[in-house]
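Structures follow.
The same subunit A turns up in both complexes below, where it pairs with subunit B and then with subunit C.
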Partner chain A sequence: MLKAKNLVRRGREMADQINILGDDGVPMSYHESFWKSELIDFAFLQQDAFDAIDALCPLERQEYMLDLILRICDRHFEFDNFEQCRILFKEMINTLRQMNYTEFKSPQFNEYEQQLSKHLA
Partner chain B sequence: MSTHGKVTGIVSNLVTVTVDGPVAENELCYISVGGNQLLAEVIRVTGDKASVQVFESTRGLKNGDSVEFLGKMLEVTLGPGLLSGIYDGLQNNLTTMTGVFLKRGEYTDPLDRKVLWAFTPLAQPGDKVIAADWLGEVKEGWLPHKIMVPFSFKGEFTVKSVAPAGNYTVDETIAVLTDKDGEDIPVTMVQKWPVKVAVKCYKEKPRPTRIMETGVRVIDTFNPIAEGGTGFIPGPFGCGKTVLQHAIAKQGDADVIVMAACGERANEVVEIFTEFPELVDPHTGRKLMERTTIICNTSNMPVAAREASVYTAMTICEYYRAMGLKCLLLADSTSRWAQALREMSNRMEELPGQDAFPVDLSAIISNFYARAGMVLLNNGQTGAVTFIGQEGRPLLLRPRAEPRRPEALPGRQPDRLLLQIPRVSRDPGIPAGKDPEELG
Partner chain C sequence: MATKAYQRTYTQLQAITKATVTLNARGVANDELATVNGKLAQVVKTKGDAVTLQVFSGTEGVPTNAEVSFQGAPPTLRVSDQLSGRFFNAYGHPIDGGPEIEGEEREVGGPSVNPYKRRQPSELIPTGIAGIDLNNTLVSGQKIPFFADPDQPYNRVMADVALRADVDKIILGGMGLTNDDYLFFRHAFESAGALDKIVSFVNTTEEPPVERLLIPDMALAAAEYFAVDKNEKVLVLLTDMTLYADALSIVSNRMDQIPSKDSMPGSLYSDLAKIYEKAVQLPDGGSITIIAVTTLNDGDITHAIPDNTGYITEGQLFLRADPDSGKVIVDPFRSLSRLKQLVQGKKTREDHAQLMNAGVRLYADAQNAKTKLENGFDLSDYDLRCLDYAKEYATRLLSIDVNITVEQMLDTAWEIFAKYFSPAETGIKQVFVDKYWKKD
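Presenting the complex of A and B:
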């Protein structure tokens, strides 16, 4: 939990740097940190109160999802440019959000997890 | 003989009464006006003058009107049938009232006295019991509602007889207790308790240890609240405090939910009334309303009853806690309660504190928060009251904290939750939770 909080804080610092220096003015690691914080924000912190499944997230599921998200955040990615970084993280955010809307450990849920696993290899 | 008095001064709902006998602070009285009896509470006594706050509109009241003091504090009626009820701050059952608007001086019974409850005895003749011990139980919805030795009973009693299993109304005697002097005392399913006095009929109040699951990720994982803990949700107007609180009410892992709509806009309260009966409890699959009690005192109701509404809600929670149940009290909002306190404080011309709020405001709020908690009952079981308040003026109302000392915020302590909703979330383009740095 503390690790996720620190990642979010670090991502915010990176966002400030990117805003000041521009997308091209910062190292790629800054973009990576920023998008990792966005991943936590969109896929974990935000919750859809109007969706029957996402509205109630039991503790077991929270633990599972946070673990999965932190595994992604622990991984170091190699990108040629920041555009590539953005596209990959947006794709992962989308998959994680779809997981949030799906019954826990259902075939569909597992399928989304499978899609993510290629990024974790 | 009860004390009487005459009205000698009126400032809105603060009335000065010259009395002919002893009166006590927080004592109730009836003021007679135009055939109505207006309920009021003594909030200050100076010599033979008592200042009373009237829980109703004082229109038509004049000097010389008679006042009768009741010799008791504001009490709530506790018994089976409270769940799924909708009450005002003085525990009048709003569903049994007639007409579109509440009539002045109309008071209704909070419990249905005709309903038969299937009683099962738990105590045996000869058992030694003390206050809050369980004598039997009835099924209230799906919850086991324990019939207890009234909280007001002092000392040890012997059970002389307990009614056999069967159907009884709340007013029928279900047990006879004998006190140490040999006097028999009949006990029914109903008891009364003054709202401003904390129920302390338990063995001890240990620190909470279990997490209360809300199903909201940002709370459970990042800012968990303990079962029996306290929390508050500060944030600017219209930022989503109420929405979050409703989400917690719908999904919180609690046996009993009490919602105190204290000084809220009527349309928000109507939303609760219409929405909650339709909702299904995700934990049990039953109607959410079966485990919910709503205490409502909207912003257009008299301010004095606002204060009563939060105390009434807390007392009901304490009652269910004594049955070994997990209760969740949601107060929306404590800042409007503080506004009511400010109004009365100003009318009494007390020395003002910050922003003209009473100087002892933080003490009042802290004392109220202290009534929540997990308790170990006399029979070894546990019960809990988790309290979550919300405040539009967070800097004023943080219990035991000062604005310039963030380390003293309740959220920094293990059993306390602070979930500050940032101002940016008011921007429709930025969803709530966008500013996670602010989340504790």
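Presenting the complex of A and C:
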């Protein structure tokens, strides 16, 4: 949890730097840090209270998702440009969100997880 | 205001201010009406034998030996079906040249409906304006104000909302309306052929400001007659509540009350709540929905009037001129209808809430892109798409001149999303994407 918190904080700092220096003015790692924080924000911190499944998220499921998200964050990615970085993370955020809307460990859920794992290879 | 038998008349005033007079009298109750030198007045304070009256038309020309006679009752309104299609002043007297109303005489400004006898609001009020229906859906029995700068066309929007809403009665409470605004409402209601379901209580800028304190009570007394007695769906429009609060401060500050923040009376919250809490959903189908206007000074929502209003009402609708689309829009960031989840996806299509969230999220991305642009940075492909999206979203959905069904709003949103984004970028639930995503 503390680790996730730090990642979000660092992402905030990177976002500030990107705002000051521009997309091209910062190293690729800044973009990566920023998008990792966005990932935690969108896929873990944000909860859809009006969705029947996401509204009820037991501790077991929270742990599972946080673990999955942190494994993504631990990985170091290689990008040619920041657009590529944005596209990949948007894709992963979307997949994680779809998981949040799906019954825990249902076939559909596992399928989404499968989709994610190809980015983690 | 005929004098009655055995009525006591007092002729010695103790003090006179611009809006109030004070005298010694016995057996007088709060809110009771009286005449002072022939002018209508209302008891606003009693302390021992000292009675303070607010004189609605002002105390100019009132001598210290003015005749004061008490009428023994608070303001009343005669209610019956004859109210429909009529225009009244703050005292409930016709100003349209028609005859007086015949009907039961009821006290105005009484208590609101017992919470235990209410139902949770659950009926959608469609307005045709997507900034409202799509992002901030209104529910019958809700109380919600427009927050707008004085130069925004809030009266026009409110008239549109009223005429499109599927309600049985529309009650207009106009406080400090300019004559132009009064004529606009009159013309709008007449030309829509809807006059028979509209009742108007109007105080214009030409009339004394203190009179407008009676307008909300009159309007809501009429609303309660139709909603409670007739089981009708009633929409009450109150414009402009800032001028109402200004009139409150005129009265309180002329008495010995210590003003609160922004020179408003300390009782501002209670005074406003007394009005807004009349909004109700009744079990037998009747309802009172209140849409008010609170004009802002330079967009300052920390002023005492909008601040207190915000704690009472169930959200607010924020009007803003959008330079990108050249339209007046319902600002999605500052507007909120706190009851929208009671109807979204229940009375509307299943994808409503998800579309709303995605639409506003992408609009927020566009704002970030705009900041980037203003700071002189190169925009990415995504930023450019966001900016184009924002313009179309504002023009086709947020603008107040939109008039389409909720279904059309949802379809328009899907269409715009597909034009500028990939499904993953919208982050919408896959089942809805599969079902509704527009494929070329």
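Definition applied: the second predicted complex is superposed on the first by the 121 of 121 C-alpha atoms of A that agree within 3 Å, B and C clash if a C-alpha of one lies under 4 Å from a C-alpha of the other, contacts with A are read in each partner's own complex, and residues count from 1 in each chain.
Please note the rule applied: a residue touches a chain if its C-beta (ideal position, glycine included) is under 8 Å from a C-beta of that chain, and two chains touch if they have at least 3 such contacts.
Only a predicted model underlies this, so the values are computations on that prediction, with no experimental measurement involved.
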Contacts of A:41 with subunit B and subunit C, given as first, second, both or neither: first
Touched partner set for A:22, first subunit B, second subunit C, both or neither: second
Partner chain in contact with A:94 - subunit B first, subunit C second, else both or neither: second
Touched partner set for A:59, first subunit B, second subunit C, both or neither: first
Partner chain in contact with A:73 - subunit B first, subunit C second, else both or neither: neither
Contact set on subunit B toward subunit A in their complex: 211, 213, 215-218, 220-222, 243, 247, 250-251, 282, 431-434, 436-437, 439
Residues of subunit C defined as touching subunit A within the complex: 341, 344-345, 353, 357, 371-372, 375, 377-378, 380-382, 423-425, 427, 429-430
Of subunit A, residues touching subunit C in the complex: 19, 22-24, 42, 48, 50-51, 82-83, 86, 90-91, 93-95, 97-98, 101
Contact set on subunit A toward subunit B in their complex: 1, 4-5, 8-9, 12, 40-41, 44-47, 49, 55-59, 62-63, 65-66
